[in-house]
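Attaching a single structure in structure tokens format; questions to follow.
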Amino acid sequence: MTWKIGSLQLKTPLILASGTWGLGDTILDYLSPEEIINSIGALITKGLSLEPMAGNPPPRLLETPCGLINSIGLENPGIEVFLKRYYPRLRDLEVPVIFNLHGTSVDEFLKLVRYLEEENIRGVELNISCPNVTEGGIAFSQSPEVVFQLVKGVREIFSGFLIVKLSPVGPVLEVALACKEAAADALTIANTYPAMGIVSYEPLKVIKGGLSGPAIKPLTLRLVSDIISKVTLPIIASGGVLSGKDVFEYLLVGASAVQVGTANLINPRSVIEIHEELKELLLRHGRLLDKGHP
Amino acid sequence: MTWKIGSLQLKTPLILASGTWGLGDTILDYLSPEEIINSIGALITKGLSLEPMAGNPPPRLLETPCGLINSIGLENPGIEVFLKRYYPRLRDLEVPVIFNLHGTSVDEFLKLVRYLEEENIRGVELNISCPNVTEGGIAFSQSPEVVFQLVKGVREIFSGFLIVKLSPVGPVLEVALACKEAAADALTIANTYPAMGIVSYEPLKVIKGGLSGPAIKPLTLRLVSDIISKVTLPIIASGGVLSGKDVFEYLLVGASAVQVGTANLINPRSVIEIHEELKELLLRHGRLLDKGHP
Amino acid sequence: MKSTRILENRALAERIYLLTLQIDEDLMNKLSPGHFVKIKLPDQRLDPLFPRPYTIHSLIGGHLQVLYQIVGKGTRALSQLTAGTDLEILVPLGRPFPRDLGYPLALVAGGVGVAGFGFLLESLPQEKRKETILYYGASSKESLVRLDYWETFGVTLKLATEDGSAGYKGFVTDLLQSDLSERKFKSILACGPMPMLKRIKEIAANSTIKTYLSMESFMACGTGFCKGCVVPRKGGGYFHICEDGPTFLADDIIL
Amino acid sequence: MKSTRILENRALAERIYLLTLQIDEDLMNKLSPGHFVKIKLPDQRLDPLFPRPYTIHSLIGGHLQVLYQIVGKGTRALSQLTAGTDLEILVPLGRPFPRDLGYPLALVAGGVGVAGFGFLLESLPQEKRKETILYYGASSKESLVRLDYWETFGVTLKLATEDGSAGYKGFVTDLLQSDLSERKFKSILACGPMPMLKRIKEIAANSTIKTYLSMESFMACGTGFCKGCVVPRKGGGYFHICEDGPTFLADDIIL
């Protein structure tokens, strides 16, 4: 069985989600190269910006019922350092590496993409949906028009595989249609949900960030299903996948591939177990996938 | 301590949420009249329509991680039967009873409200956010303009306390502002979140409905906090309250009162326990409520 | 919810357990065969979110017994509890089995659907037990539990297993069907998986036997609060399994 | 994650437990004092969602021991597990205690923050133990656990309780402070609640003692994957407690 997201061929439909496996420098501590090649269809890097970003002050995390609020604030070493210090080892794994990019303006995104064109990098996921930064991020997702301009601009200079990662809130359908019109290759649905939690009372500490994990799966499953019925672009699902069953359900509603995020935090080997469960489910119920989406 | 939602005075900030305590005919099987009076600030009826509604075919429920998807489809006996058969016993409890209303058009809502004016009923919650009906419901929440017309129309003929129950998705802020402009007295934030789940594979059964329960609390807490900072109307929070701590957190971000929904399904006596926990928290940390919203 | 204590939680088969709970006399007097109980796991963990419903299996010795099978995380967690643990329960829920059961009576059970028949038989006078046949089917011999217990009632016990390891090889509904020609049952009361209930409804459709089916579905509340546990009603609308049932006249519902 | 089995899970005080896990030699050889382990509860329930981190308390007898206190649902659930239960663990995590600890050494522990000092003392040669003072504070006598064990090392043990039920009445940091004038410590290694760590940093600020603090925070991953467990770094930016720590030079971090 081969898996396709539009023109992109993957060995499995499982993709490691941005920001949930660090910068990749320690992944081989937990997974062998064979395991990676056999179980993982693609790797998506941590969100990368032009300049290094220190990220947000603590508290950055709060566990909620079956979920996680994070407010990392896109801590990353910047695209240049990443390309030099972290990317080579990932490239050697021989699994497609997709660059998750964060810009605060169309211009910054274009600059980021130029770096990638130079390095002959073939996959990009535009992060227009991070809820944890004051500039850029989710602000884009409020305006289908701005998103259209952004994606069109990137498309003009980038010939590789172009994914846009949407926010689950705001005018999602309109943004999705704008991406289609601007000739994106696929959509990731979705990033985390804007959330808030009280970390402690005395001293009073609150966190505003993005909610991920199994709590949100019913919401993102619905969103994926709704968008698929209205937008003819391949959809990569991202939200609350912990088991092969979760992946199978996203495939059932029509997703082309599925990202594994928070699960990697719970257990760095989750993707291996998910892959095993998925294989079994495909054997038993795979024919359901050919029957059209419920 | 007394609790106020605008001009409405409540004995406690706890309100039983619409649709989560049946039609009220069996509540005395689980709570004594004293317990009700001492713990519950107000009761909100099941969503009521002009004509009886049979509701949706099964499956109507699916448990998800720390959440519940429901697709009841507003099963109810219609406003007339409710007024005759169910309301008298609720009125006798001497706790404010607020009528949750469902119409498929502005006109239907107005008709419903006229019944209430006739019966001298002083509280209404307009349900413009039910995700489980094909007409009306959440469709209203897509259009701030339609909501404005609806609320204005109701306001003209209804002199009692007028609450609008918003959907957590769509242009929430714009809808909230429209309600304010149309002179609603308060907002309930929010109804359930559109969600989907796979109930079984063979036969393939899916459910599309609304997600409630602790899974969504971080989302609704954020939404309540965001709206409070931008709309000067009293806000009643509804979403994922299981404990006194949950209530306290909604009060902390500025909610005037808090609805208890799914918790009533888990245990019909939840509200009593929640009230006890809340009292203790108010004693220990109550001063935090006077410090402004985080 | 009421507080209760686990007296015993014993494995009868690989995945079938018998749970014994301490209850007071007051509560005991409120219980009738066919009622069910919701059991909350005794911790603060929110997954599973809802207490699970179980039929009252037996009241022998003044204790409330539940016969349950592990199918998912709730039942698995229940199986790991040990004697002495305190639990919250909500009981009685639902309506009892109908009081107008006619005799001869056929009780038809698939798997742990047999549970409720214990309390029923305990409540019947000897002469009615003698006029009762218990059809009890399961996947294999190991899953037919408490045979000694069932035999104490003096009922006729007819067993079926899918793999033939005990009793008739095949479905318990086959047994029932072949008996229908000889025996003049006045009532059937059945509890088990949906395919079994459907089959029984079919079988009985051509007869005048009053046929009752005990239904299951996921329940959020069990108290009639959520309106979620529905079965379509003949003539339109829905019944709520938890408040109108769980036991229904087969003719009244659409499966 | 690796599979392991519970050999014992014993209450030492009302809310403090000692967990003993079976591990193989291979794993044992990878462990150093200061490392921590993430323990997954052995069921399918998704609340709590994340395995919790615990310092390695002891390796005596070739078993991995964890000393933990019940504070919430995860630790409570852990306390209910019994011997024989199989568990998944992720270990070793974090960096060991610094290897350049100077002597005389002050170990300062608040509550179960004492845990990691067991493995450390087990690894020290006798002469270094003798040059070590263990300051150990808790709310009351009952919460000072394993005193016999601590005494076997021949360290000087100085106790403090907030209620005065054992040792000095007051904070363990008071004990440390008053000793600082007489004793010439080369290093301090401290583990406990944040107010204690802050106080130690203050106390040591005016001295030349190399002071290390072992930090805690909620951890989603423990592996450096999420970048969530940060402590501000002197000079800008952040350390990640799980991958750069959990033990830091007090001078390097801002509390």
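So that you can tell them apart, the chains are marked A, B, C and D in the order they are listed, and the count of residues begins at 1 in each.
What we mean here is this: a residue touches a chain if its C-beta (ideal position, glycine included) is under 8 Å from a C-beta of that chain, and two chains touch if they have at least 3 such contacts.
Fair warning: this is a prediction, and the values are worked out from it, not measured in the lab.
Via touching contacts only, the remaining chains, with subunit B excluded and nothing moved, are held together as one piece.
Number of steps on the shortest path from subunit A to subunit B, with steps defined by chain touch: 1.
Set against one another, B-C and A-C show the most C-beta pairs in contact at B-C. Relative to the C-alpha centre of subunit B, the farthest chain centre belongs to D. Averaged C-alpha coordinates give centres for subunit C and subunit D that are 51 Å from one another.
Centre-to-centre spacing of subunit B and subunit C amounts to 36 Å, using the average Cα coordinate of each chain.
Between the CA-based centres of subunit B and subunit D the separation comes to 47 Å, rounded to the whole angstrom.
Multi-chain contact residues of subunit A (touching two or more other chains): 62, 65-67, 213-214. Shown for subunit C are the residues in touch with two or more other chains, namely 46-48. Chain contacts in this assembly form a complete graph, since each chain touches every other chain.
Considering their complex, residues 62, 64-67, 69, 169, 171, 193-198, 201-202, 204, 206, 208, 211, 213-219, 221-223, 225-226, 240, 249, 252-253, 285, 288, 291, 294 of subunit A touch subunit B.
On subunit D, the positions that touch subunit B within their shared complex are 46-47. Of all residues in subunit B, those touching subunit C in their complex are 19-22, 26, 29-30, 46, 54-55, 57-63, 65-68, 70, 72, 75, 213-214, 242, 262, 264-269. Remark: subunit D residues 1, 40, 46-51, 88, 90, 217-221, 223-232, 236-238, 243 touch subunit A in the complex. Residues 43-48, 72-73, 76-77, 80 of subunit C touch subunit D in their complex.
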